[in-house]
């Protein structure tokens, strides 16, 4: 990625952080996962995307936001039967986020944005922000950033089932982090009928416990072979434009 | 409500439960809340609706489901500045659900459906079912049952902001539990501009911590004066038809 | 509102609670259980009795006390081998009570009375009030309300073993909530010799872990067929008179 | 080893324990406290009495019971305003007892008796035995041993308020551990009116949070100057005789 | 009181503690263990040594330190396969220490020294002091007191593997608490090759999970038959001299 | 770093992990921190060093070990007054490690090595391995890898106080990750007298709570201007040679 100005805590000394804190209003905490992404992508996919997208946010919102190190594990029990997947318990993730937020509050930051790349983290992050407001009196928000790019997704995603290791996710990777793509292995998802009607897997509102292999044989959805760097770029740009609007509101109110 | 056949655990002796367990495949756990509902409704609204709707589910799915006592507190910190609201911490609710599920598993039940009436519980229930599958090896699902009636809602809800103490919720109450309505106080929500664009309050995907009084002065959204028993009935019937389809799948797979 | 005046939170809107808080000094929290009560009673017996008795307390002490929703699960592991029983872990109940008390403290209440109907909850409530005083700085008390009616019990209970689904408990139900009685099934307890001398079961002071089926075959003690509404009324009235004395002291000191 | 035969774990090597385990059926765990006992006694009073009484139990029940090291802190928040008192949270004590029981279960013991000298521990011990049965599948009992000597107490205690640093407790100390008595300081309790009727302090069944200085100015109840070694001996002997009966049952069933 | 002047809380009434608190600046908390010590020593060895050594510290530092009751269980999972060993979980010990420190802070003490006799406790104590500083704002230190006597150890220990039930530990016992020695059983450790190079057992820095029987057949290291009271005295004196220096600094800064 | 063969989970798909698991015997988990490192280094220093050193371990021990994603936060409360430092509670880190180990155990791995770069993590890791053995039955080890290079350190470190952002740590960075060095800011540590004799800071064995600014004004020890890539290389090579010996033993036993 680029060498534009951005407050990336991983690259800064305490003297540099001290200076940054004069203008920084929001800490952006990238939250990913370490879980199988079919044959198409390295298991660090969500952690890497959260980190790389957050870097661009850091550039766009400079000098008002600071990007923390990445939370590189997430809630991934439903992928655990695919080798290599690592899952946190929700309560572990909340403890981890609490400690990060408490430390940053000690440094004077009072607003926090969890920048999430993994659907499995959403409920835990929702629970976390409610808990952190109650316990620490901070303001907090979270967003799965791909939800901020509905136009790009509507334009480019043609598969019936998508959302994991599909043309959308591989396109993002082509733009943000091509090194995590297994170029020679790109394959369509081997999607199976999911037996419960009206559940999330069938575009309904019901949530049910499941293992990902009940939904797809090879761990992927959609069609990774349709991925393009252009789609990735459009998605990221649309998402960024929308996110910038929110962060501006978040800083001002 | 009715006197049709339904396995309502609150009304049964252990001998009756023992007999019911010969056919019961799913335990339905009504999950509500105790929180302000503007001038229009008693604070028990969500607990009562969850309980009453579940009773109808019990009748519809008899003798395959059993209805447990209601979880009558929920996650309601955002309503806490309105007198009388009581909120659980998410971890408390999960402990409570774990104990209920563990006890029922001891009696031989292996599938659980949390029937939820309160949006603020969704993330915690999502977290709960993942945790319970991991810890106890059970199958579990949850649904905010109003999400299963999109047609009725589209037809009847005309307000811009809705979802709490609005025409939809009061209509449900007219059909399911008229005793919780403050008939002489029915008032429109005194909705205010919510300052963060793209957040849930503005129909966007971002979640941010807030207090409900930042959104509505009197604690209500929408327009309770537009509520009708007919809308309530249509909503419940549409939801039930959809839910029956899911439960049937849930039992068979 | 109830027939007589009483502040029952389940029936009140936030505006009504706001007004009530001008005179309310004590929150009364009914604490019950969901557990087998032999062939004689529905499993919700303790929750229903705690709720109904508390309503009468609300009337008697109006406008100085407010009655919260009922805690409808208790500590019932010793009944778990009878189908349908649900038990909380003590730590779950304490978390639940802590959240309720914390919410009510936010609304300005500083004194709390746990009104208990189930012997199995006593140790946990004792632990809870000590913990809540230490953590939240509130005043709290608890009482199993039948202990406040020694005269009525001495007069009416003739069985050797009693205290669960016996003539005393069914009499209370006849007076407070006849709908939970299985009128056609009323049966004597099938009491067995309890093998440990000097334990609570043998009227001694030693507490030992046990399963209720070691004490009674059908889950009942005493003789439910001897129950009368009159005994129920006497018990409730005696208890209320005593409790009123305590609450008056509790408010004034 | 002690003067008489007794399996006191504090004095044994692992080889001696290994041999003892061939006959031992019950582990006796002395549970005390470290809290103010007025001017009359050292603050270790409860820990010392639990330990010394347990030693005699060890002799009486040799070779069937083994005495563990003493739990020398208890639940004493109500004494905390008297200098030197140390109190555990109930959850800390339960964790401590769980670890002790788990370790002993590893060595093959399956029955546990908590021998308690302090009223403030009773609810926590009650909670503990229920929790330990549920979690570890062990049998457990607890008793405040002075409750097993009603005759001696009835005969010798004449004070109105007693139960802490009174003639009963000092008499026990005279018999079991005279070194903890402050012989030159023996004083009557400076008892005050306790403002809540029907509470434990006024011989009623209601439990209310309080600080001990609300009940007695100098931290003592009763009249320590009336203590005699004879009373102590009678109390211990009566209690032992009763306890032996229970332990015999406990071993056989 | 003890022979010489020392503030030993176990022996003091609250009136005596109140007076002592006028000069006391540091609470010394003896932390031991209950675990096998080969054929040579009673299992209470570490608890007894921590207690006895602390008494001498109390005399030496009178009237500036106060000695609390002993923590008589420690982290001993690696000894659990030897009969009689009892181990706490690290989190249990931290809860216990937190409660002790919180109580003493209530009495006005702000500096705490955990005086430790058992290597297995060191990591937990290190974790504890960091946690207690963060949570309670107190100053805390810990030391395994034998580490303060390098000269005596270098002079007297000749065995290759030592540190548990060896000539060093039995020498200490000869000086501090001869009653815990099994004089007729004194035996050399039956030490085995520990299979992992560079681990602590082989004088390297790597820590690996293990069971003590992998290191020594009879549970002892070194050579207990070489123990002398003189070595014990030299060790204690050297350690005390060093500790006095630290405590003096700790009080003044 | 290099492109030699190594099983780096961050770069692998589940199919690649599946294949690797045929030969892998040990999971290596890099554990770092995010804390101030004076003016000389980025705050990610410990996380980066743990990650980069572990990669080399992965190459050296290929195909027998697999390297997990890095734990990029550690126990750093003592650095919290320097802007940007983030600290976990010890219990949070243990929960995180437990979840990682549990997931990997699900994939068939039974031996775990925590490769640590930060002194502040040592006690927590020690506690973690004991806890994980007890709870999950796994074998686990941990090492601060610089402790395996005593020769290189003795040869190159000349400063009186060292161990944090000193010539040793900057030399490592020069060899492993030069991008984290602030080349233009390299400065000597501004070390102050630490007031407690015999503590770790004064090369003694006593551990005391402190804030790092009590020890060094600018957050660094030693003399970063003396750092050389050669020292870094020698240190890493010596450490690797020793670690290889341990891992070989760990696999075989």
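Which chain is which? They are A, B, C, D, E and F, in the order written, and residues in each are numbered from 1.
Heads up, the rule we're going with is that a contact is a pair of C-beta atoms (placed from the backbone, for glycine too) under 8 Å apart; a residue touches a chain by one contact, two chains touch by 3 or more.
Every value quoted in this text rests on a predicted model; they were computed, and no experiment measured them.
Minimum number of contact steps separating chain B from chain D: 2. Steps from chain B to chain C, minimised over paths through touching chains, total 1.
Common neighbours of chain A and chain D under the contact rule above are absent.
Repeating the B-C interface with over half of its contact pairs identical by residue number, the matching pair from A-B, A-F or E-F is A-F. Mean C-alpha positions place chain A and chain C at a centre distance of 49 Å. Spacing of chain B relative to chain E, judged by their CA centroids, is 56 angstrom.
For the pair chain D and chain E, the distance between mean C-alpha positions equals 27 Å.
Multi-chain contact residues of chain C (touching two or more other chains): 89, 91. Chain contacts in this assembly form a single closed ring in which each chain touches exactly two others.
Passing around the ring starting with chain A, then chain B, and so on, the chain order reads A, B, C, D, E, F. Residues 9-15, 17-18, 21, 34, 36-44, 47-48, 68-70, 72-73, 80, 82-89, 91-92, 95-96, 98-100, 103-104, 106-107, 179-180, 182, 185, 219 of chain F touch chain A in their complex. Partner chain C is touched in their complex by these residues of chain D: 75, 77-78, 89-91, 122-127, 129-134, 138-144, 147-148, 195-199, 204-209, 242-243, 245-246, 249-250, 252-253.
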